[in-house]
Amino acid sequence: MVNVYIKDLCKKFGRVEAVKDFDLEVKSGEFFVLLGPSGSGKSTVLNCIAGIIKPTKGEIWISDKLVVSTEKGLYVPPQERNLGMVFQDFALYPHMSVFDNITFPLKVRKFPENEIRMRAEQIAGILGIKHLLNRKPGQLSGGEKQRVGLARALIRNPPLLLMDEPLSNLDAKLRVLMRVELKRIQREFKTTVIYVTHDQVEALSMGDRIGIMSAGTLQQVGEPTEIYEKPINTFVAGFIGSPPMNMFNCTLTDLERGVLECDFGKYVLPKSVTEAIFMKAVKELILGVRPEHVKVISSQMPGAIEAKLIHVEKLGRELIAHLKIEESKITSIISPEVYSSLKETVWIIFDENKIHVFNKSSGQVIV
Amino acid sequence: MVNVYIKDLCKKFGRVEAVKDFDLEVKSGEFFVLLGPSGSGKSTVLNCIAGIIKPTKGEIWISDKLVVSTEKGLYVPPQERNLGMVFQDFALYPHMSVFDNITFPLKVRKFPENEIRMRAEQIAGILGIKHLLNRKPGQLSGGEKQRVGLARALIRNPPLLLMDEPLSNLDAKLRVLMRVELKRIQREFKTTVIYVTHDQVEALSMGDRIGIMSAGTLQQVGEPTEIYEKPINTFVAGFIGSPPMNMFNCTLTDLERGVLECDFGKYVLPKSVTEAIFMKAVKELILGVRPEHVKVISSQMPGAIEAKLIHVEKLGRELIAHLKIEESKITSIISPEVYSSLKETVWIIFDENKIHVFNKSSGQVIV
Amino acid sequence: YYYYTTVLARPRANLLEIYHWWTSGGEKAAIDALVAVFQGKYPDVGVIQSPVAGGAGYVMKAVMKAMVAAGEAPDAFQVHAGYEMKPYVDAGYLDPIDDLWSQQGWEEVFPPVVKDMVKWGGHYYAVPVNIHRANVLWYNKHMLDRYGIDPATLETWDGFFEACEKLRAAGISHPIAMGGIGKWEIAHALEQIFVSQGIEFYQDLINGKLTDPNDPRLVRALQIFHRYLDYVNPDYATLTWDQAVARVIRGEAAFTIMGDWANGEFLVAGKVFGVDYGAIPAPGTKGIYVLVVDCFERPRGAKHPENSIKWLIVVGSKEGQDAFNPIKGSIPARLDADIAKYGPYQQQAINDFRNARYMAPSIVHGSGAPEKFASAFNDISSAFASNRDISAACRGIIDAINAARDEYVKEWRLY
Amino acid sequence: MNKASLVVYTALTILAFMYFLPFWSVLTTALKSDIEVRMTIPIVPPSNPTTTPLLKAFELMKQGLVNSLLFTSFATIFSSLIGSVNGFMLSKVKFKHSDTVFLALSVGIFIPYHAVVIPLITVTSKAGIYNSILGMTIVHTTYGIPICTLFFKNFFDELPESILNAARIDGAGDFTIYKRIALPLSWPAFIITGVFQFTSIWNDFLFGVVLTKGSNQPASVVLANLLGTTAAEWNVQMAGTFIYALPVVAVYLLLGKYLIRGYLAGAIKG
Amino acid sequence: MGSHSLNPLAIILIASLATAFFFIYGLIGWNMLLSFTKSMGLITSYELAGLAQYVKAGSDAVFHVSLKNNLMLITLFIPGSIGLGLLLAVLLDIAGGKGEALYRTIYLLPFSLSFVITASMWAWMYNYSYGVINTLLTALLGRAFQINWLGDPNVALYSVILALIWQFSGYTSLVFLAGIKSVPESQINAAKIDGASTLQLYTKIIIPQLKPWILSAFVVLMVFALKAFDFIYVLTNGGPGVSTYVLALLMFRRAFFETDFPYGAALATILFTMVISVVVPYLLLSSRREEK
């Protein structure tokens, strides 16, 4: 187990700044997830750690060892960084059997024959791929390939494991299974893991901590619940959560009483929130409410806003209601029971304790 | 709007029976989803309807028109079936601009110049791709490509639209958006849609009805809630729902009192269920409970079973608890509030009204 | 497009189509001069030349056979007199032109061996246009002068090898230049050694009369060649004949045995005959003229048979030959050439020709022996040059004669 | 530059020297006078460069170059086009025994041309295309069909089926699909096939020498003729060689970077 | 599908196949027929002589040499071109960037030149006394190490093969370079992380995956192994002696110089059969692989 320390990392491809001003410390034994949309620079960071890419600027330490420093002109090639990596497309060597794939890292290091065999048996046992050892990658299913890729990364028992969207080529069913599996293995091997994905469910379910990236910069680092419940800006708020948080442009018209003029009409903020805004003295705001904090009821109530139910997605145990207030769209999660009581016209109530308010111009959170 | 009627469809590829004994009627204006794991024959059925594949046996009617019949030696080529199709890999013509892609179906039919232009403008407007008309497919993002593929399929206003996993190449975020979008468009165009996917969330959220396939045969056809709540066999039960239904092998030891000897210990069935089983006179059973019907509590209660909490996935608004009773694994969906009250040892209760019982040997549902 | 369609429509006009392998430098100028004579006489006939060069005419031989076999004969084509004509005659592709010969009075102006070379079964089938001499020893005069070698001593092999020794002692390690990349360059040298073993021996050889691999004349010839090769540049296998001649021109070697077309190389390099270089008959062949004879004939099925006859008349005429040969570097096949039109080497050659005691048709250049033997002879010579195995070479030659046994249909009378 | 890439570049440069040598000596010899050719070895640069051989060779080869350019371009275009149609049909349309037909056609790639020369003269002569640019075009086109078909079939095999299915559903028949979809998409295969065909037809000697005569002879034959039988003008020959090689080298220089892309697109992968 | 009868594509396909099959099988058939007839010089008699021509080949010593040389050519030239091509491709791939394009073009130059030219170049390179190679050998190792490249019958065939390898390696390197570039980046990264050195990366990961590319190069090399006729004709004309004869050269000589067309036809048939028996299995194999 090692920790990883990244200081002031920058990487430019031509004129594209893939990563900039990136600082991060991943703790020893931690399962750290880098989450962000496509093109946000996640892979670039990971590849810099692995040594596949040389950064334009910055330093990376793995444990006490400085592996790259542009200032000192230091660069340790991937071969010497002692880490394992799992790739999105599995990157198995198609011409080798599973056994040869798994043991490749040992063979190039000229491990003795019997140790190679022993370790392969062991890792194949842990990952449940013993019966596949003689097959070629072309004869494996996606999940099996993934396990083989993992076995290859783990066979040297590397203290640091990097994974770049290892599950995104698997089907939905398998993804769910592998999520749990990966966590189990990480715990078993006690490895520090840095895991890249653009799938928030993976990030939330596996990450001890999550770092959210956008356009080359790190937006927020924190534990899953922290990130879900206290997003520090509109980007994080909109990115995490499915369906995404409902957001509305608002203007604070009555500062005293906390009255907002929103896209959909008036909304009165709770006291605590009003105070916080008061301190910041901003007028143009964004109001955010997660769908599960929008309650839909079938009859009018004080403080409830009238809305039209335009479409319902039935996802088995829960439903996503798509509603419209004037021209604003809003989603809510409702139970089948609630749904059965609804007509076209409904009323909604926001859970006051769970609303988010952002500064419209900077996107930073206020409350 | 047309209906589609498929009778006794079979398709063999060499010795592989991709589809067998397939009967289905898709109603006019319906959004019908064919759902099944990879290799279950969904695409084969769809391609038979489109005319891309000639079946080995069977008949297909589109509205009143028989388009293929192996008995009568009839085969109408795809060009003449008047339908639209959207492909998983988008299948855009890479050398043509978006405009040319969209209007290709009209051009090969020699529509007049001005009508082509008019229709293109209109459909591009509806799908929000007007600004892309001059680009090449290589310059589009996944979602944009998907929209272009859809526009191309829709420009002739075909009464029947076939879609083969149209969303599976999009990222998670976009998939959620496009789901709603596709439904909206279907409603707007009043088209009959047959939609193939292996993603149950898509199927549940979009399908008016769903047909579930496995190994070339149709397992169950029904509305989403029906399929979710009343799966007719263990395959459907296990396939629909995420995390999947918990299933346990059981033996009925006391028929009178409905006592089951399960993997995890004893379980007493509710009265109503016992009676139904009694009628069938089966002893080897499978007991199924969906994770959301497994209630986890922090302290002992009569009827509650003791379990160990081994792992929790935090997915934002809800959590998946992975538990163990003896050697049996079981999952449950819990709220963050409940989670915070839990220790390692917990107790679980099944919702009696929501349990499923299957015949172990046939896999068919009993209750 | 215009071009495309015009070449599509085959010309039916009044044409003469000829094939030959004279494509470059002086040889091209020579055939052009001959054509000019023709066109001076028959200005209304258009002449199409289709030259095919390469490999001492080997490429064109193959092309001609393919064309003739496929029934696409031109109006006339170049061929070496002698056995090279045989396949065409055998297959009935050539028309006899006895009438033309008597009509033009050619019987009187060509020497007997030359006439014999274009005669098959008592009929004339071709008209010789020129004579090249094969048995010529070329030397760098400055070198001989410097090392005090008198060309007169080179008339015998002993004298020649003595001179070689002398040069070698003076630091010229390989005084003889030879090519060999096409193999025939080697066979050419060996052929002249065979000739040097006496006209009787050579006649037996080309009549297929040799049967004994231990024939002392045969063995002796190969012994001489063995010794000869000791003085030859070791890189012969990578050189063309002209590159070998260039060695002599540059003074890297003193001698080369090559046909008298080599003269052109000296001239192009600006060398003067008798001053910079000289030529004498190959050792032991004084008084013998080894003939390389080019001729034209009339193919059966020629598209313009009258023009074909007209062409042959010009080819055989004194005017034609005196226009062609001074440029070509060869001498006329006729004995009545106008000697004043020729350069110094050629004048000497014409004199030699007129005074030759014997004339002998070359094997290597397609005349003397069946093609099958000639082809094997190239291989044997080339093999000998690298393995120096005298008995193998002798056996090879006898075997090759036996293998071609059926094809010796001509009885040469050289003395 | 680090040590490893220094080694690599050194190796590449030495090898490049070996590969460039023939071209270099062609060029130096082409610029020498008759005398200098006889007095120096081929790699030594000319002491007194002259363009006479180049001009002379060009003058002699003009007609041949025009001939070659004509039938080479046409045969390249025709054989590629036909190959693309055949490749498309055999790969994407398919019919009974199409694999057998393809196999039978592929055998044609390996015909020893010398063995068919005589009947070829007979056939072209009977067909009235003997000794014509048209005849050369037809013969080269025909013998190019097998390899072109192979290239295109391999290319189309890599083209996703879904695009063709999409076009079918959009209402296009086979011909429209070919014209509007397959043809424009197959440019990488056209580059590969085109370059390959251009090179081999341009360099062909055998058909040129037996099927044409006089002013219809192609550049390859005229070039061979620059080197006489009993007279050797190496400088003119090498000047001719230089001129003769230019179109092919130009093709490689212009299309070189697309060649790799073409190969990557699957035109030759078995 | 019967409905294609009016399709212009089908017309082109059928017409071009008809023409090609006529030119291919018609002429092969003609040639084969000829090989069963009696030798009559330039006259094609069509007088059947059974297997006489093939029996003649059995007793023709040069045929045996040629056959052996042809096999040598196939077993050395093809792997040699593939090997050198691989080396060049790997070097080019390592170099990458701008250098790659320039060097690639240079390496292709010999392939774009005709055989006649490259052969005369090699004659000069191989020159015993003045050639570049021997000059280098002398400089490096001394006079004793000079080799008589074309003059020694034991060496000449190898010299020819070496020169041919040189001519084709540029082409094969282009093919292999494309192959190398088609190996996914992620595999290369994976191998680096697994600890593979650059050498191991190529020998263990990349090159083993070039099989289909090697096979396709193989076909082209096979085709040219046939056409190598011109090259050998110019470079050695089969010499010294008959040590570098190949079937194509022998066929040419027997048919055209010695005017024995039926025998030439028989030799051509043997040659053709040899090539087909190597190549058809390959074609079958590759079409089978596609079906998978």
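Letters A, B, C, D and E name the chains as they come in the text, with residue numbers starting at 1 for each one.
In this section, a residue touches a chain if its C-beta (ideal position, glycine included) is under 8 Å from a C-beta of that chain, and two chains touch if they have at least 3 such contacts.
From a predicted model like this one, the values you see are computed outputs, not experimental measurements.
Student: Out of curiosity, which chains are bumping into both chain A and chain E?
Tutor: Expected: no chain.
Student: Could you give the fewest steps needed to travel from chain A to chain D through chains in contact?
Tutor: Minimal hop count between chain A and chain D: 2.
Student: Please give the intersection of the contact partners of chain B with those of chain E.
Tutor: Common contact partners of chain B and chain E, which must touch each of the two, are A, D.
Student: So which one's got more C-beta contacts, C-E or B-D?
Tutor: Between the chain pairs C-E and B-D, C-E carries more contacts.
Student: Calculate how many whole Å lie between the centre of chain C and the centre of chain D, each centre taken as the average of the chain's C-alpha atoms.
Tutor: About 37 Å, centre to centre.
Student: Give, as an integer number of Å, the spacing between the C-alpha centres of chain B and chain A.
Tutor: 26
Student: Per the centroid of Cα atoms for each chain, what is the distance between chain A and chain C, given in Å?
Tutor: Taking the average C-alpha coordinate of chain A and of chain C, the gap between them is 89 Å.
Student: Where the centres are mean C-alpha positions, what is the separation of chain D from chain E, in Å?
Tutor: One centre to the other, that is 16 Å.
Student: Of all the residues in chain E, which ones touch at least 2 other chains?
Tutor: Answer for chain E, listing residues that touch two or more other chains: 124, 130, 252, 261.
Student: What parts of chain C, by residue number, touch at least two of the other chains?
Tutor: 55, 66, 69, 240
Student: Which residues belonging to chain B are in contact with no fewer than two other chains?
Tutor: Residues 77 of chain B each touch two or more of the other chains.
Student: Just spell out which pairs of chains touch, all of them.
Tutor: Between chains, contact exists in these pairs: A-B, A-E, B-D, C-D, C-E, D-E.
Student: Write out the stretch or stretches of chain C touching chain E in their complex.
Tutor: Contacts found on chain C: 55, 58, 61-62, 65-66, 68-69, 86-88, 90-93, 180-183, 233-240, 371-372, 375, 378-380, 382-387.
Student: Spell out the part of chain D that touches chain C in their complex, as residue ranges.
Tutor: 34-35, 38-39, 66, 70, 117-122, 125, 128-134, 209-210, 213-217, 221, 224-234, 236-237
Student: Flag every residue of chain A that touches chain B in the complex, lowest number first.
Tutor: 37-38, 171-173, 176, 179-180, 183-184, 198-201, 204-206, 224-225, 228, 239-244, 290, 292, 311, 313-317, 320, 322, 333, 336
Student: Please output the residues of chain E touching chain C within their complex, sorted ascending.
Tutor: So the residues of chain E touching chain C come out as 40-44, 62, 123-124, 126-131, 148-153, 156, 233-243, 252-253, 256-259, 261.
Student: Which residues of chain E touch chain A once you look at their complex with the stated criterion?
Tutor: So the residues of chain E touching chain A come out as 184, 186-187, 189-197, 200, 204-205, 208-209, 211.
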